[in-house]
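Reading through the structure tokens given below for one structure.
Chain naming follows the written order as A, B and C, and within any one chain the residues start at number 1.
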Amino acid sequence: MNRGFPGLLVVLLLIGLLSSAAYCAECLTCHKEKTPFAVLQWEKSAHGKSGVGCEACHGTDHTLIDRGEARVDITVCGHCHGKALSEHQASRHGMALHSGWGCTRNLAERKSDGCRFCHEKGSEIPVSQVQCARFLKQSSEMAEIGCTSCHAVENSCASCHTGHGTELAIVRNPVICAKCHMGPDHPQWEMWQTSLHGTLFSASGRENGPDCQSCHMPSGSHNVSRGITCSSAGKPYDPVKQEGERQEMLRICSRCHAPSFARKELQRDDAVGEQSRKLVVEAEKIVADLAEHSLLDPMPDKRPPHPLNGSNLVLDSQMLYEDTSHIERLLFKMKKYDFAKTVKGAYHQNPAYAHWYGNAELKMDLVDIKSEAGRLKERRQAGGAACDSRPGNPLEENLRALKRKLERKELTPAEFEQQKQLLLK
Amino acid sequence: MNRGFPGLLVVLLLIGLLSSAAYCAECLTCHKEKTPFAVLQWEKSAHGKSGVGCEACHGTDHTLIDRGEARVDITVCGHCHGKALSEHQASRHGMALHSGWGCTRNLAERKSDGCRFCHEKGSEIPVSQVQCARFLKQSSEMAEIGCTSCHAVENSCASCHTGHGTELAIVRNPVICAKCHMGPDHPQWEMWQTSLHGTLFSASGRENGPDCQSCHMPSGSHNVSRGITCSSAGKPYDPVKQEGERQEMLRICSRCHAPSFARKELQRDDAVGEQSRKLVVEAEKIVADLAEHSLLDPMPDKRPPHPLNGSNLVLDSQMLYEDTSHIERLLFKMKKYDFAKTVKGAYHQNPAYAHWYGNAELKMDLVDIKSEAGRLKERRQAGGAACDSRPGNPLEENLRALKRKLERKELTPAEFEQQKQLLLK
Amino acid sequence: MNRGFPGLLVVLLLIGLLSSAAYCAECLTCHKEKTPFAVLQWEKSAHGKSGVGCEACHGTDHTLIDRGEARVDITVCGHCHGKALSEHQASRHGMALHSGWGCTRNLAERKSDGCRFCHEKGSEIPVSQVQCARFLKQSSEMAEIGCTSCHAVENSCASCHTGHGTELAIVRNPVICAKCHMGPDHPQWEMWQTSLHGTLFSASGRENGPDCQSCHMPSGSHNVSRGITCSSAGKPYDPVKQEGERQEMLRICSRCHAPSFARKELQRDDAVGEQSRKLVVEAEKIVADLAEHSLLDPMPDKRPPHPLNGSNLVLDSQMLYEDTSHIERLLFKMKKYDFAKTVKGAYHQNPAYAHWYGNAELKMDLVDIKSEAGRLKERRQAGGAACDSRPGNPLEENLRALKRKLERKELTPAEFEQQKQLLLK
């Protein structure tokens, strides 16, 4: 919309500004009293100073506004800020809700057009995992504050720019990233602050110590995902895409570091990621094996159904932290907290996050998972009366285990059929 | 004391100042060497500059001072700062020790005058819970640093204002609140810092991002509890008081936000609180039920006595984290850490605290509590030899369970008698 | 080296500077492009401005540089900065790697000259514990980021001063300490920030609130260990050394505080340390006792060998957090995280660290350790089939227990022999 016909655009804009001034006066009569801070922010903003009035973003239908149906989403801002919008949409911020497709699958206004929400065009590798089961388990109040208030970044520029301000000092300050990029699942804010980059930033400014924006929004780009080599669920991209992104990141590192140093550092972090993933997979197999022998306590079919997968065992990125067994919630911590801290800690050059908060926790949780697995197996042998762990029908159990191996793609359909026939003999 | 007779007051003050100057010179002779920093702080302070000398606060009896019996407590400061004192005393800061009545019940100098320490005048709803069992379990050294160093705020203005300084820049800086309002039990400092309010404060100052003082000490009031709708133990106030406080907070929010928006936000947070409380109650019932069947390991009568309740099960705000059973310490974490983080995280608009540090932990701990409860029940059936969990006398056990229901007010006295007679038949 | 012959030194330095300028021009031709930030840092540095060129530190053999064999370690810097070097080497920073002697025992270039790496001259009390088993368990990538990146401070001034800068504002800023002194094992940065010292620093600067350097590097000394009264493994020094260090710290405290106040505070913290140590010892005994009865799950000889102690039980500072039993990893948390937080929290005057993050966790972990110990003992009695805990050969077991008591020095060799003969009868 902001390309081509610049003459026409200027004319339209001028007409807009003129009528804007008139509308605004009307709005301000009430809003100076009703929402004084919003008015003050707007007055001090580039919008306020250049005459971009209330109705330019909110429209003129007050009934619609009152009903909450005149949302100022990214498309509204994008009318004028087209480049920022397209960069944003190409980034993970631009798919924050449907990265979480499930998060929005129940919203009537969202149109589905197939695969593109989860896959890159022409690729089978998922751009993002469907991560909504946890959202669907929450009360609407917890979902609003705990999920949507961050993931709304997909649709709302105000997530970072604030509602009525345009102060660049705010969005150029790394602290503005903190309100989402912190906490047990992805403490990028905390790990950057105490990394060499972050401490140098605190001690002598951005010139000596790069901040979030320096590396993730070079030249002010709104594509915050450039140079990142794995999906938001932590799965590595395919080699071609991966190498392209790596080149991108090396270009960024090379503004300060020798490229050979930077590549070596990033390769070291890749290795840490790979090693950590193996620990998670080892734990996943232990839990899957217990499930195949009906040893989880409680088994999935004896607990409230999983919002997406019913009574099936769910260990992927749809895994829940609630209504589950003790050993599964240990695995949840490993996957979602420990793994993320190790890998992100390494890429952000934070020794304490990579090693103590990450690697040590991964390995301690693995100790606990093995201990709990041992206990559950022993319990079966003791024939615990109050639990689900009495030996079931051996044939049924073995068939179920076989089917799960097929589902996890550890068997081809042909191998599955062959082994099934052997069992049924 | 600072009201009325202003002429007389001025005269007295002048006499005081004149004699003060004389005393001070004497004090400083030694103290410039013995406590140089204190003298320096005082010299730069409003007190030092206007001639309020050492003896104005410390008195003139050096023997008393040496014995530590000339404490400069709130009443000393209150001689001149009466308004601040009365606001302070009306707030939770003003009952920080006896909010914790038990904390000070053993102090000889404290006079008890009945119910007012725990109840509002004419109300049965407790203003505060007696929270001292944990204090009473500590060594005097740990009690001093771990309990009293924060809770002394009740009696000491120096808790925030520092000992000899009067610099307003210090007490107007939100960081001064951090030294108490942080940590696993109430990380208000951490959750504010990474909330939108806190990040805006960091990026562009108090005008854009409100800090602790903006909302909790409006117009410099020393009543830090205005606008809060539940007791310090997290119990909701009665509806009338609650609505009064809510109105107060809405007045504060409305300086920036539309009141309708603010009310909706706060109602959402109320709902989060209510939902979280239910999870805690669910866990409490599991533990109480285990105790009624003598399944805790160890049972309260097999461990060091609770400082206030002896060998009774204690799950209320007097609950201990030590000398207890594994399942009770899981419940302790739920009640004291997870619940607080969820609710305070919601009211402070911090998604990661409300959801990950709060809600997710609440639910994961509930998973672990259920798992441990299952194990303890099963153990009884297996007839574990090394434990207390062998089936006891069924009649005795049922009578005990009944009595506990009465104590928890789940039965009226009449219902209790009726059910007891049924058992004894 | 920088003492005596100042005339000769000046001449040598001048010759150096002249040749330096020539070399530098050659280096910069390429390096302005290849490592622009390093060149920029150097240009702005005191070195750059006074003509101390690339080759002064890196030498002139580019082949050596390319092979990574021309490391700019402390000895290179020490040619000019001799006082700083000797202070550094006398401090814990100066033994960061061999405080971890094991960390470097495999490095060919390190010469061992016996006891001095672990003991003070003529003393049996270890200056530091060998803490390398955890290092030896890591992949080389994790060891590099998780261990060496901090412990390299022993050999590299750049750890704090950065590679090419000399800006004093950076090393005088406490944040530069944060990148190592943070995290679950020693959160000095976090606990200082929210202590009264740290909050006063934030609110009104170093003059009111001392920072790391104020107390640990008085007058700019590079001996960061002055005034500390226990080893890096938390073991108290012998009384004579302890009192000497205490006097040193009291001199530092007394710049602001009355010495009597400071001594009382530090004695309180000593007591907290002593009490906390007892809790750890109580837990260690529980675990050692289980091991003596072959009740650990798994037992040390059924898991991957300890890098230094093979299949022996290791509970000292060489303890691992991986490939261990559930109860041992609980003990690991107690020793390495909880104990450190309690004691360091007390010495840094942080109530929340001393009490909640420290003391409460110590005691909750002790609850869990006792609970797990009870379970393991009961399991033996139930004769769990899937585990190592079936009663073994009683004689063998008792002999093993006896031998362990000897190893832990709970028995003299004579007592051991006597008791052994009794068993063998």
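Just a few scattered comments:
Methods note: contacts are C-beta pairs under 8 Å (C-beta built on N, C-alpha and C of every residue); 3 or more make two chains touch, one makes a residue touch a chain.
Note that this is a predicted model, so its numbers are computed, not measured.
Fitting chain B to chain C on Cα positions gives a rotation angle of 120°, stated in steps of 5. Shared residue numbers account for under half of those found at the interface formed by chain A and chain B, and the copies are therefore classed as meeting with different residues.
If each chain is reduced to the centroid of its CA atoms, chain A and chain B end up 36 Å from each other.
Residue numbers of chain A whose C-beta contacts span two or more other chains: 382.
Partner chain B is touched in their complex by these residues of chain A: 34-38, 41, 138-139, 141-142, 144-147, 149-150, 162, 165, 167, 169-170, 173, 175-176, 178-180, 182-185, 189, 297, 321-326, 329, 332-333, 379, 382, 384-387. Of all residues in chain B, those touching chain A in their complex are 193-196, 198-200, 202-204, 208, 255-258, 268-269, 271-272, 275, 346, 349-357, 359-360, 363-364, 366-368, 371-372, 374, 377-378, 381-382.
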